[in-house]
Amino acid sequence: MMAMARTFSRLRKDRSGLAGLSIVALFFLAAIAVWAGWLGQDWSAADGARWEGPGAAHWFGTNVLGQDIFERAVYSVRTAFEIGLVVALLSTVLGAVLGAVAGWRGDTWVDGAITWLKGVLDAIPFYLFVAAVAFALRGAPWAMHLAMVATFWTTTARLVRAEVLKIRSLDYVRSARAIGLPGVVILARHVLPNTTHILLVQGTIAFVAAIKTEVVLSFLGLGVQDGVSWGLMLAESTQEVLAGHFGNFIAASGMLFLLLLGLNLLADAMQDALDPKQAAL
Amino acid sequence: MRFTAGKLLHGLLLILGVTFLSFLLMVWFGPDQTYSLIGKNASAEEIASVRHQLGYDQPFFARYFEYLRELVTLDLGASNASGEAVRSLLARTLPVSLALMIPGFVLGNLLGIALGLAAAQHRGRWPDRLITGFSVSGMSLSFLVIIIALQALLCTPYGLDLFPVRGWRVDSFASYLQYATVPSLSLILVTLGYNTRFYRAVFIEEYGRDHIRTARAFGASTTEILWKHVLRNSLVPVITRFMFSIPLVVISGSLLIESYFGIPGIGLATFEAITSGDQPVLKAVVGLTAVAFVLLQAVTDTLYRLVDPRVT
Amino acid sequence: MARRFPGLLHRIAVAAALVLTAACSEPANDSGAAEATVYRHAMDGAPRSLDPAQASSVYAKMLVVNLYDTLYRYKYLARPYELTPNLADGMPQVSTDGLIYTIRIKPGARFIDDAAFPGGAGRAVTAEDFVYSLKRHFDPATRSRGAWLWQDRIVGMEQWKTDGADYDAPVPGLRAIDERTVQIQLITPFPQLTHTLAQGFAAVVPREAVEHYGAGFAINPVGSGPYRLDGFDSSGATLLRSESFRHEPFSLEAEGADPAAAGTGSFEHLEGRAPPFIDRIEVQFIAEDAARWNTLIAGEADFIKVPVSQFDSVLASRAPPRLNAEMAARFDLAANLESGFVHTDFNMDDPAIGYHPDPDQDARNRGLRCAIVKAFDWERRNEVFYYGIGRVFPGIIPPVAPEYDTSQDRTWTERDLDGARRLLRESGWHADNLPTLEYGFPSSVTERQMFEQFRSFMADIGYPAEKIRPLTFATYGDYARAYLNREVMLVTTGWTMDYPDAENTMQLFFGPNASPGSNSANYDNPEFNRLFRASATLRPSPMRTSMYRNMNRILQEDCATISGISRTLILVWNREYTMLPDRSFVGGFFFRFVDRAGAPAEEPAN
């Protein structure tokens, strides 16, 4: 608890971290607005002229079908958050659970098995793995998310396992086990608070990685299938840019950059604020 | 002796795991290549015959063990799409990928080390802030955005138009520079942010160590501290990072770059094999990548022990 | 504002590039002997295999017909397209019942020197080689993609295949009656047989090479065509003039040149010279539009098919398409109608939208289909994706076919929103009971945009957007698997005609050709089928044409497909070269007639 209070006071003083937080909060509000149906609902309406330049009716102009680029970019905020949140949450939880189990039962076959699984997943080149999973699931909407969760959990697991190994040998934990407290309770009461910083930071990093991966996957045709995302807008823009139409590219890459910047600043600030080793520096 | 045997077993289990998982995903659940090999108006019987030739009607474990046998005896077969022997395909594409990715990879790391060092030395002051700012921005840019922007800026009439848009017709050093520059530049820009941040953290930690302060108290010069202490002691994390980012950067990264710039390397060949379901090529690439990865881990471990006597 | 500025910059850059390359170009070759002439051709895709039996893509065909010989080809300059002998010596002699074709092979045709032959020396092409080449298609080991052309047509071929495909065993309907004479015996009359012998699939290959190279034969071609292969990978191929090619002087009249036509003058200097006229052809495979465009502008290629996104910067006018002044100074243009068309089929096998056992529901489904057809905005589709110069036509007889009816009723391609809404109402459809349409397509930017455009077209008649769903596939092969297994409700495909005869498109809706055949609509209309069978054995004639037009009408009344549009291709090439390029039936055959206009005649004109 003391750690949390210290964390927040340190966070408040970090200007770039605050900037990051506000950017992310802004985008989050936009995503909620789209979910609720207040913004970006006309993303598929094709009523403009082909490749109109930016103007009063269409702030970033239109694409080849006459769809408003700005509407599409705003709707994509929702797509980005959907992917980011689902993947970040699931991969962090999965990583935490598997890492804790591996660490708790260190030096048994369980630990060995989980470590082996980590090694196997790390050995397959990332995009090949994700592409293969997307194929294997034959275009199911969750294919992309599943593929990402299946690879992102390993880092979190590795860090949590290290923490649990350290804590396991501490005196008060040993006495807790001696008096017969079940492992789950000990983990929840003692390990979890000490690993929150790892989980938060890793979660944010996973969010960033998820959005970036979606961009590449949608470009390759394996990502978002119905709807619009920055990846799909960028895929559209590759041809357009070389013919002189920059609307799609600027809108998608600009918003993508801002959100990622905000998340990275936030992650860095949290890392600095939450990691006790950094306290002295 | 026992240690090495343990490592060997560990490596073997890894290879088995990787081949099994990849086989499951890419071959068993992969796309059915039959439909890209038949012509118009194929009859049901023709389709069945092609499927049988490609081996789709055999049970899972039969196909898996056949795969393992092929790997061990290096009987890699020939591509179903073009008929080219897999071995010759690998021999043709691998050098291209290496020639393409290695300069960018090495330069990206060297630049990252230089920038990280500069940031660590001037910690807290404006050079550090500037470099950190660039590094965070670099981390926030999508690979795709960088590639599109660079191509537009350097290869088209809308920008400088200095380099070819895509392709790989290399027959001299000059043409190599022409075709490899923009992809290498993209690779450097993508990895620079992450590299800088990592190396900055490593060097900051080194500079903060007690023995540095002692050395300074004894009057050692900045250069001496830099070379004799900081760099030498940072070798372990630097090497680890270098080695571990090879599969990530060189293999995965090459897929995007090669498909975007149309460079006939192994990344592009693999991607085409995945999307068309060309099993012989896929099996060869995945199997060899697994073996390479395990070997890489073994090499890193050995280097670890050579460089840092404390690690056992 | 943002659009005009890059436009200006672009034009300055193009002008600068033109000036620079003009300054750097080599002077015309005056000596006429020393330097090899080169022509650099950029294609918008890559062939995987150069085995004629697998040459199904337009890219493979382009290369195969230059490396190998086919018995027939199409006249270089004749439009409409006309068959002419290639390796054959004259048109085939056909028996009166149309069942026996006798074809003689020209003397002087030789295969190139290759390690596959004993002693490495090429040999003369014989009738037995042609017999072998055609037999190969029915050997399962070949994995032929062209066998369907002769399926169930040649006496004894299927039996030969069932008997084990032994190449030494004879096929009664396909024999070499002497060294240079082939005789083909058909089961039923097949008027388009000669057309099929002009296809890349019918190219003549030597048995020694196939047996020597095995699977590698696909990348080691050994043919008797005007060129031989010198290098081939995923980025390009190099063709070198073959010394073994037979000597056949060019004749304007034989190639179908119309002396009254304006452009004939530019081909006059070819008279009497023996093709191929270019020593080396460097073919580049550049699928990405922007990269291909830049290659042309930078002077690294002499020919491209211009991508649609660049039409604005290339054309000064659309109808007729003409180059603007900057481009016309350096390039020549041909605006060719493609030999195929794009259409969207309804899967008639799906009771939600197609045939239904209950006659009332069946009628209601038809009403729905026809409403969708009427709501489709062909003009806008043409404008957005084909620059407005595509040719929209009703039904399935495309403009390039000789049976095309320029004065036909165009109701089914004219957008009629009121009519569509009325049809929906009368058939009892409204937003609540409309079926969910699944529109299938392989994942790509353009296909996805076409889907979104379709959805917006349907929104105009009140079709709810949530009821039009995309069914995407990662690759075309995956997509083909799905629709060939009847899993896709709306199938958007293109069809490239194999020969200039509407029988080729009529068979797309012939009942027995249903999936996995090419009838992806799984259309089955007894009257249509009857007419098809009756017309299949007829030679081209006004009666046959009226039967086809009748079938066309029947198909449209049933609203089984939303059809169609033929694209207009803009082909552009370096002015220094004289050529009449074509992607359709003449296709790759035009390579041998390409000439560097700067080069003088090889012999003095006396």
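Labels A, B and C are assigned to the chains in the order they are written; within every chain, residues are numbered from 1.
Going forward, a residue touches a chain if its C-beta (ideal position, glycine included) is under 8 Å from a C-beta of that chain, and two chains touch if they have at least 3 such contacts.
Predicted model, so just to flag it, every value in this text is computed and none were measured.
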Which pair, A-C or B-C, has more C-beta contacts?
B-C
Which chain's C-alpha centroid is most distant from that of subunit C?
A
In angstrom, rounded to a whole number, how far apart do the mean CA points of subunit A and subunit B lie?
22
Could you state the distance in Å from the CA-based centre of subunit A to that of subunit C?
47
Just how far, in Å, is the C-alpha centre of subunit C from the one of subunit B?
40
Multi-partner residues of subunit B (each touching 2 or more other chains)
31, 156, 158, 165, 275
On subunit C, where are the residues touching two or more other chains?
6, 10, 290, 294, 474
Do you know which subunit A residues sit against two or more other chains?
135, 238, 242, 244
Seen from subunit A, its contact residues with subunit B in the complex are 116-117, 119-129, 131-133, 135-136, 208, 212, 215-216, 219-220, 231, 234, 237-238, 241-242, 244, 249, 253, 256-257, 260-261, 263-265, 268, 281
Taking the touch rule as given, give the residues of subunit C at its contact with subunit A in the complex, in rising order.
1-4, 6-7, 10, 289-290, 293-294, 307, 309-310, 312-313, 383-384, 442-445, 448-449, 452-453, 455-456, 465, 469-474
Subunit A touches which residues of subunit B in the complex?
13-14, 17-18, 21-22, 25-26, 29-31, 136-137, 139-145, 148-149, 151-152, 156, 158, 165, 204, 208, 247-248, 251-252, 255-256, 259, 270-271, 274-275, 286, 289-290, 293-294, 297
Sites on subunit A touched by subunit C in the complex:
44-46, 50-51, 53-54, 61, 63-67, 134-135, 139, 221-222, 225-226, 232, 235-236, 238-240, 242-247
Which residues of subunit C touch subunit B in the complex?
6, 9-10, 13-14, 17, 48-49, 51, 56, 140, 143-148, 151, 215-219, 233-236, 284, 286-288, 290-291, 294-295, 297-298, 300, 474-478, 480-481, 484, 507, 513, 516-518
